[in-house]
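We call the chains A, B, C and D, going by the order they appear; numbering starts again at 1 in every chain.
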Amino acid sequence: MLGEFICKAAHEMIRIGIVGGTGYTGVELLRILATHPRAELTAITSRTEAGKPVAGLFPNLRGKVDLAFSVPEEADLDNCDVVFFATPHGVAMAHAPALVRAGVKVIDLASDFRLKDIAQWSKWYKVEHSARELLAEAVYGLPEMNRDQIKSARVVGNPGCYATAVQLGFLPLIEAGIVDPAHLVADAKSGVSGAGRKADLGIMFSEVSDSFRAYGVAGHRHHPEMIQGLAKAAGGPIKLVFVPHLTPAIRGIHATLYARLISDADLQTLYETRFGEEPFVDVMPAGSHPDTRSVRGANTCRIAVHRPDDSDLVVVLAVIDNLVKGASGQAVQNMNLMFGLEETMGLDHVALMP
Amino acid sequence: MLGEFICKAAHEMIRIGIVGGTGYTGVELLRILATHPRAELTAITSRTEAGKPVAGLFPNLRGKVDLAFSVPEEADLDNCDVVFFATPHGVAMAHAPALVRAGVKVIDLASDFRLKDIAQWSKWYKVEHSARELLAEAVYGLPEMNRDQIKSARVVGNPGCYATAVQLGFLPLIEAGIVDPAHLVADAKSGVSGAGRKADLGIMFSEVSDSFRAYGVAGHRHHPEMIQGLAKAAGGPIKLVFVPHLTPAIRGIHATLYARLISDADLQTLYETRFGEEPFVDVMPAGSHPDTRSVRGANTCRIAVHRPDDSDLVVVLAVIDNLVKGASGQAVQNMNLMFGLEETMGLDHVALMP
Amino acid sequence: MLGEFICKAAHEMIRIGIVGGTGYTGVELLRILATHPRAELTAITSRTEAGKPVAGLFPNLRGKVDLAFSVPEEADLDNCDVVFFATPHGVAMAHAPALVRAGVKVIDLASDFRLKDIAQWSKWYKVEHSARELLAEAVYGLPEMNRDQIKSARVVGNPGCYATAVQLGFLPLIEAGIVDPAHLVADAKSGVSGAGRKADLGIMFSEVSDSFRAYGVAGHRHHPEMIQGLAKAAGGPIKLVFVPHLTPAIRGIHATLYARLISDADLQTLYETRFGEEPFVDVMPAGSHPDTRSVRGANTCRIAVHRPDDSDLVVVLAVIDNLVKGASGQAVQNMNLMFGLEETMGLDHVALMP
Amino acid sequence: MLGEFICKAAHEMIRIGIVGGTGYTGVELLRILATHPRAELTAITSRTEAGKPVAGLFPNLRGKVDLAFSVPEEADLDNCDVVFFATPHGVAMAHAPALVRAGVKVIDLASDFRLKDIAQWSKWYKVEHSARELLAEAVYGLPEMNRDQIKSARVVGNPGCYATAVQLGFLPLIEAGIVDPAHLVADAKSGVSGAGRKADLGIMFSEVSDSFRAYGVAGHRHHPEMIQGLAKAAGGPIKLVFVPHLTPAIRGIHATLYARLISDADLQTLYETRFGEEPFVDVMPAGSHPDTRSVRGANTCRIAVHRPDDSDLVVVLAVIDNLVKGASGQAVQNMNLMFGLEETMGLDHVALMP
């Protein structure tokens, strides 16, 4: 592997394939890669849209991306340097082994390579995992947690959007061991694009606009991923109640996190120290309330930490753009790491505000 | 007092005055009272809009309400049966004593008559309370808690919108004594109309649309009101962390409540029993997720109770329309009780959905 | 027919069936009829939801409507006094003849009984019309145009939402013969609920929120309906360019109408005179700009007429709630007329604002 | 002037000052210039916010822009190469003459240097124009119309947002002389950010969300600007009825334009030819309907042209982001032209979609 990114080190372009480019994480990859100085888009696949120009489906790409969708068989993915899977779960695990054998790196934006516990994965996704060996070596692509392993990974499981915000928000507390690990609460709110680009009654405009609701209180697929990451950080078991909500915004996740302090600490300093060198985590001044629009279109996680009066609870507010730091931006960040590029390359977007 | 609502018992109309009718709770009172079979709107005051027809400011009232705004001095409020104060805090306490002496009942939609602890009130509102005697006899107007006292009250302090949702959601747990009272969490989300009808940069469309944020984590004026009500229900001190959020919807509050169970119970039955006779509290079937639009324009609090797997936490979801059950609808419900009318009179609106 | 509504004249209830109650016009009929003093809901049909309580699908109806969906065969529609079809086109024409023979009045909220020109209808809807005789006697249910015929109709074709706003807006000008009938322009904007309750990619929240677009410039099914009505009012042919747009609101149609004056008139007086007796058309003062929220949930069409400086064009602004005056409210208005009830019965909702 | 952009031709940075940086066009200039390869932000002024970091007010700029606001007197604007005025009207005309004398180029995003007819300007803005000589030489900054003059201009009046969309949409028709110039209609819809960043009741979230309305039918300040540009293109007088509307979106203008054809033409070819070389005007395929989100955050005007059946009217649909091609992006485009840079430099943003 090392050889590969050395041979790419100069100004050679990275040949990129995208499998499943008709969803929101697909078009977002295109938005980001279209201006990435080292990215060469070589193929984007879709069975249903094969032959059509990508910019026909996504007019924001007119004049920016000239590719047409192709069927996977004709996409010559084996000759890519890296392939992103922006597909539903189950697709990456079917195709990744052959690609890796061909020397292609794989970044899966779905869940196939996130959970190490195969039983858990099968329980939530109702199928057997078909690439267990590759899963064993796959790296969970949260750079703030696994940067070094990502650099040398052949397969990266890109984190879920909720999981990114919740883990980044809790990490300093958990790593410092200063909160009760058995009573963590993550009250998370997501914009509607988190549900993907699909015709589903529950995410029609007239159903979710001017309204607000929780969902999945009984259980959510992203839950075990958070448990896995936080338990690893804690060095022992943790318990987390996770309640996702749908808010009438297109993009954005706001995680409001609650934990009980079991020993004292200067929380502001703890967070600033933990994330001081991180290019994509911004700890706001004490007393701040980040809004999701402040990261709209940007690969940033913005965090504020609060200690309400007269309570032993700490409240953490963490926001990301679910399609950027929660999906495609983080995937490009991982690509940069995997190819020895500057980690921030092509990811300098300023959030769109207002 | 008893004499009064007896003499109104037949089909006599209730003469109603509204002080401060230019805000959202004012126009919402008008919307509800315009079709209330026993309501006779006699005056609505506003210094800034005096002389202008109400329907000029609120075109939804064209053809429905013929009143013009008047200055308070000319509104002849002493001859009303009841006066609603839809004003900022501090106004009702200045005028209520004289009205009560004149035999007029008072319902304050602001905070002047909510908190029994005058020191707390002064701390949050930065003024002295000028009607302490009346405050002592005032009744906190949450009918599900204080129905009998409201019936004979001369002055009612109508609950805040957050406080209504949070208290109704926690009440069964607290009254049953089955949760740890020292670690309650209320993660609440409000539509923007909760901030009132005022020109304020922070609630402009371009500032809050397509975004989401928390605010006031360090402290919120509605907090002591919740503490007061829940402590009373608990029969002892409670601690509550309350984090309000702003969601890009016009109306609606969604309170997501977390508490640690200290003894077991059939939560669904507990809630159904507690609220079984309540006309305006709807306990949904187990596993439900109420959405705020399901109460848009209606005087209903809809609740679902959840017990996540593998946790000793209970999660309660409670939604209201902040302007109806959270303000003007509840005020009319209180009026109905105070005048011996059917509690639901004029409050049969079906929520607007979609 | 006359006998029927005489025998209903006292306080007898009107037995009502609804075919196809799972769409937005269906739930809106239920919202309105739930508080209509003479309505007795006896059946609501849906093949896909048969057996389920209506309030399970639409929680705003919990405690308001106790009906469950039934399959059409078991709904005993023949014993209703009136049946509303809240179905896609083609359903009403299949069932109306038998119902009418059984003495049941029919109000179709789709297009089957709107267009007298069968060829036009077939061109747009791609099927043959199967109830031509009934179509011949059916009355176009715009009360402001055809009140008397509606009173004695057995079958009413309830107007489309766009067609209601555009026709009401143009009527005074056209009837007065003071505008060039060959160059009418209707630039109309609709909330998303106008597209119905269906899982369609183009009306997902993430596709239409925070955006705006035109559609169907090349032709729209509602166009011939407008042409038919306006030509009848003009007593001769008219030409109309109609451009519909999708705006990120749930409800509401705003029609901005342009016509060239060919003779002078006091436009404000013309409109006030034409609609002075109409209970559901509100002509605003000169210089006004109605907003769609001012009719949200109400059966009102609010209109303002403008004459820009330095131009021979007149600009008319007309707003309705597409689900009320543009569909279900107007259908109930028609029902009231057909049964000799007060035209406004059950339709006194004050618009929800904010 | 020529000397200046020659001496900047290599890789020297352009020193930039912004006057009035607290509005939406100000923060948008910062968003764009923060990643412009030749821009060096040297000063941004605001009396009210002097001393505060820009990123405190606009958290999207945290880590991107290090500047603090300064009072104009201390901003050393005379040493800038160019100063942008993102101020209300009247400010630029007060300060531009001295700056120009000091060799600084000026781009005014307000209206001071747009209208050549001083009487018109004074009529709409209610003040005298204080920089008449500079106005005489100022160039109207619509590159698609005045590219060459902009290149050598010392002062540019950056077009208004409505005016940009309306003029670009009409230009090919007007220049070709194939439409009746006396009956142009522009029905335009704007997102709320077009009203600026100010606390005004009419643009509060609860007032404009989930609603739609027209405004200013009697007259709008941008009207004479459109008239001036279109008349110049027509080579004679034109008449235009302009009706602006407010749509519940943050960004975006959608202009729907109507004109009567007086001679025939291949409209699609006409538009493709006129704009074929334009980097920021995208003519879509025949039959298309651009949506405003397809240009969100991008400096693009996307246009479709339609010819409805059975009519002599042409319908043009033109969309822009009001803050980018309608304001700050176009201003940077003008800056690029004025300094001999690549016209597209720093303006390669892909629109954020969804």
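To be clear about the criterion, contacts are C-beta pairs under 8 Å (C-beta built on N, C-alpha and C of every residue); 3 or more make two chains touch, one makes a residue touch a chain.
Just so it is clear, the structure is predicted and the values come from calculations on it, not from any experiment.
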Using the contact definition stated above, find the chains touching both subunit C and subunit D. A, B
Maximum centroid distance from subunit B, chain identifier (CA atoms): D
Mind checking the centre-to-centre distance between subunit A and subunit C? Centres are C-alpha means, answer in whole Å. 46
Would you mind pulling out the distance in Å between where the CA atoms of subunit A average out and where those of subunit D do? 36
Cα centre of subunit A to Cα centre of subunit B, whole Å, reads 41
Give the residues of subunit B that touch two or more other chains, as numbers and ranges in rising order. 24, 191, 193, 197, 206-207, 209-210, 248-251, 290-291, 293, 296, 354
Of subunit D, residues touching subunit C in the complex: 183, 185, 187, 189, 191, 206-207, 209-215, 217-219, 239, 241, 243, 245, 247-252, 254, 256, 258, 260, 287, 289-293, 296, 306, 308-311, 313, 315, 317, 319, 354
Touching residues of subunit C toward subunit B in the complex: what are they? 24, 27, 30-31, 34-35, 58-64, 193, 197, 209-210, 250-251, 282, 284, 290-291, 293-298, 300, 302, 323, 348-354
Subunit C partner, complex, touching residues on subunit A are 24, 191-193, 195, 197-201, 203-210, 248-250
